[in-house]
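Okay, handing you the structure first.
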């Protein structure tokens, strides 16, 4: 589903050059749940961004569902992200000025769909994460766990094949964290390919495969 | 998408209130400016209806002299007509074109009443001012003895009094001395190019009985001040102790027109600065807002918005805000034609409204484009980066 | 503390030059417009050359006559005869100048026509209106007694008629075919002061002044000075009494007059009576106030808007101050002071701009002989406007800032 070949990512500022990713080769088959671990600053998030087409690698090739995307235009990349990939972030990134339902609908706004079908899909997604009773609330009225569940609903509303989660439980206590992980495992069971960055060994152990990064290199 | 953006704007209405207020006021200012400019422009397109080049107005102020005034006035105009440099001269009242003096009267025809400028003249008035007679004729000698007092109207007066009916032969007013229309001329805008069409009526004064107080003189092109000095000296000798004030219609027209153009110009300059101020402010505010919304931009990009999509979103948000501001502004603006404030024609207001609309949209688009394109350049990976 | 605030304000100004530019542009432009307008209003109604005693003068500029039903009305300046008999003898007045309103004449020089504004005045006119004599002297009682054909001319006419700046005193000038001896040359007066502006000033006894006309409807007005500002009231009352005592109805200039009004008024009121019938002064000041409000409105909204948007930039600073115990009111004051400081900086620049604009207007000849200046009252008003502007545009954003919760602000930073 995702194939990375000889990925290198260099950050340049006027004074220093940092190698964030160094010769990463990685293949995640369809339906796999992979967790990525490593100390702070090892390049986990960068790796996830490259997989999510949010960041171009300095070198190497990214293949999504058999498509080599290095020559894709901004528009094509945007469409690919919209249809194939769902994102979950540590700090949720909900738009505070929109209601829960409106937040969940956002990915559908970037494809052709009718208002009613959007509404229905968003409700369905919220039901899946157990928040159908909070649709009219605003993010500021929700707890952290609830916010993250909204974010998950938003990630799955467009029925993407891939879900990328960047420390989805990082801002949550262990009970809520476990809850979120269970939802992700459930989604995996239903066929989603998931890559999750985490600090939590226990959680990582529940996934199919564990990838460790150190200083931009894959160590296991 | 529009609905989504509307929701976003609505939920942030308190923060947007000031931007909307700013757009609202700017819209009204533009509306005012365009109304003024269009009104003046529309008036300017209507020709004066007479000639002012090489034409002089001579005011005959007798001062403390009280003896045989009518005779002296006739001597003076006779002398003026005798110069080879003079093409034509006509006696009239002090309300010569572009002068500060006006004289008007209510005229009535079958219940329709209008207030019209009234000019007392003699037989040569159209010759001096090159006035085009559209219907009927100017005064002639036989008019002096007719039972009805003859009157010549301009088109505007005829239109307001008689509508589509033929004005010739119509009798105005009643009582011992009614007027009969003998001719109709085209425009006669004696207050300058920038004023609207007003009714004007010309009446015949018998030079042997009527004490005229001014004389209009058309001279040949190229006549010098040397002739003028000679003429004034001759006339001064004929009318001892009189104040003879000579002015050029061309100069008077200029200062008359300035009464319209100078305030419009000052208004335009102030508006220009105000709008520049608003443009810079909007630009700054948008820039700051986009920085504030980096998270959202990154997120939208991650969820599938393209870079141009982001630009479009921000411009569209501005357009929606503008629509709200303009909609409120319209409520105020339509009061002007409805309540007839300032008495401008509705067509001017309508055109001004559309122009103001177009300009305000141009203004916000220009202000929004750069910050929005900056927004599109924000890298989702860095925007979403977790500290 | 204040010094500290100003230091921070200065740093904020330098940190983001673009926003500083927008802010200062708004303030500078707005204040420049207001100051130019203030200066123009002062030019119109203040104490200026040659009417330097305006603040302790009254003007009699018109008489209003009506028939028995008040249907037909005529308004006009007055006759010299009436004014000389009744106004010149006002006991409460210090000096009474009588002069005509609008009259024109022609002179010809080197094949060019010169159009002149002419004034016919009594000798006391020169004591009420303090002209600068570039050469020569004003006319006096002796000239009046001898009915001399003498004239005082403006520097502009001297240049046009005699050429150059050489002395003209003693030379002869021909105006409307009559010859006059020049006895003095004065600095020109802008046309915005219609009672004193002219090119040639004659003793009222010259032939065309029409000073012998009887009755009321004429062409003359009065400028009368009192010893003090407060003394004006007495003149107004004394003159009102004179008008009241005139037996009515009376026959004047072909009209039977039942109601006749004429007032001695301070300049502003007298000037405004040409445009509005009643309550001219309050209407005038409300119109000015409204104009200022309209001009201030947009830039103020603009600035408030910008300031609010910049709260985010400052949020970490605010939250740190709050975390270390600054109460909300202190934060509020800090930002208000900061804004007023910026407004004052803008005010200083505006002052410079105003000077440039006024110089341009003065030199453009838009109003001939006009000298627009920033005088002390105008300057004071401007400074007040600056502070007001800073206060208005600062206080609401500052209030919003001061209410910002500490935790939010720290996180946003």
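Chains: A, B and C, in written order; residue numbering restarts at 1 for each.
Rule of thumb we're sticking to: a residue touches a chain if its C-beta (ideal position, glycine included) is under 8 Å from a C-beta of that chain, and two chains touch if they have at least 3 such contacts.
All of these numbers come straight from a predicted model, not from anything done at the bench.
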>> Centre to centre, using CA atoms, which chain is the farthest one from chain C?
In response: A
>> If I average the Cα coordinates per chain and compare with the overall Cα mean, which chain comes out closest?
In response: B
> Between chain B and chain C, what's the gap in Å when you average each chain's C-alpha atoms?
Replying inline: 28
>> Need the CA-centroid distance for the pair chain A / chain B, whole Å please.
In response: 66
> Where the CA atoms of chain A average out and where those of chain C average out, how many Å apart are those spots?
Replying inline: 71
>> Residues of chain B that contact two or more other chains, please.
In response: none
> Any idea which chain C residues touch chain B in the complex?
Replying inline: 18-19, 21-22, 25-26, 29-30, 33, 103-106, 108, 111-113, 115, 176-177, 207-208, 210, 212-213, 295, 297-299, 301-306, 308-310, 312-313
> Where on chain B does chain A make contact in their complex?
Replying inline: 1, 3-4, 7-8, 11-12, 295-296, 298-309, 379-381, 384-386
> Inside the complex, what are the residues of chain A that reach chain B?
Replying inline: 45-46, 49, 52, 54-55, 74-75, 77-79, 81-83, 87, 89-91, 93, 95, 97-99, 102, 105-107, 109-111, 115, 138, 154, 158, 166-167, 170
>> Going by the contact rule set out above, which residues of chain B touch chain C in the complex?
In response: 15, 18-19, 21-22, 25-26, 29, 63-64, 224-226, 228-229, 232-233, 236-237, 241-247, 270, 273-274, 276-278, 280-281, 283-285, 288-289, 291-292
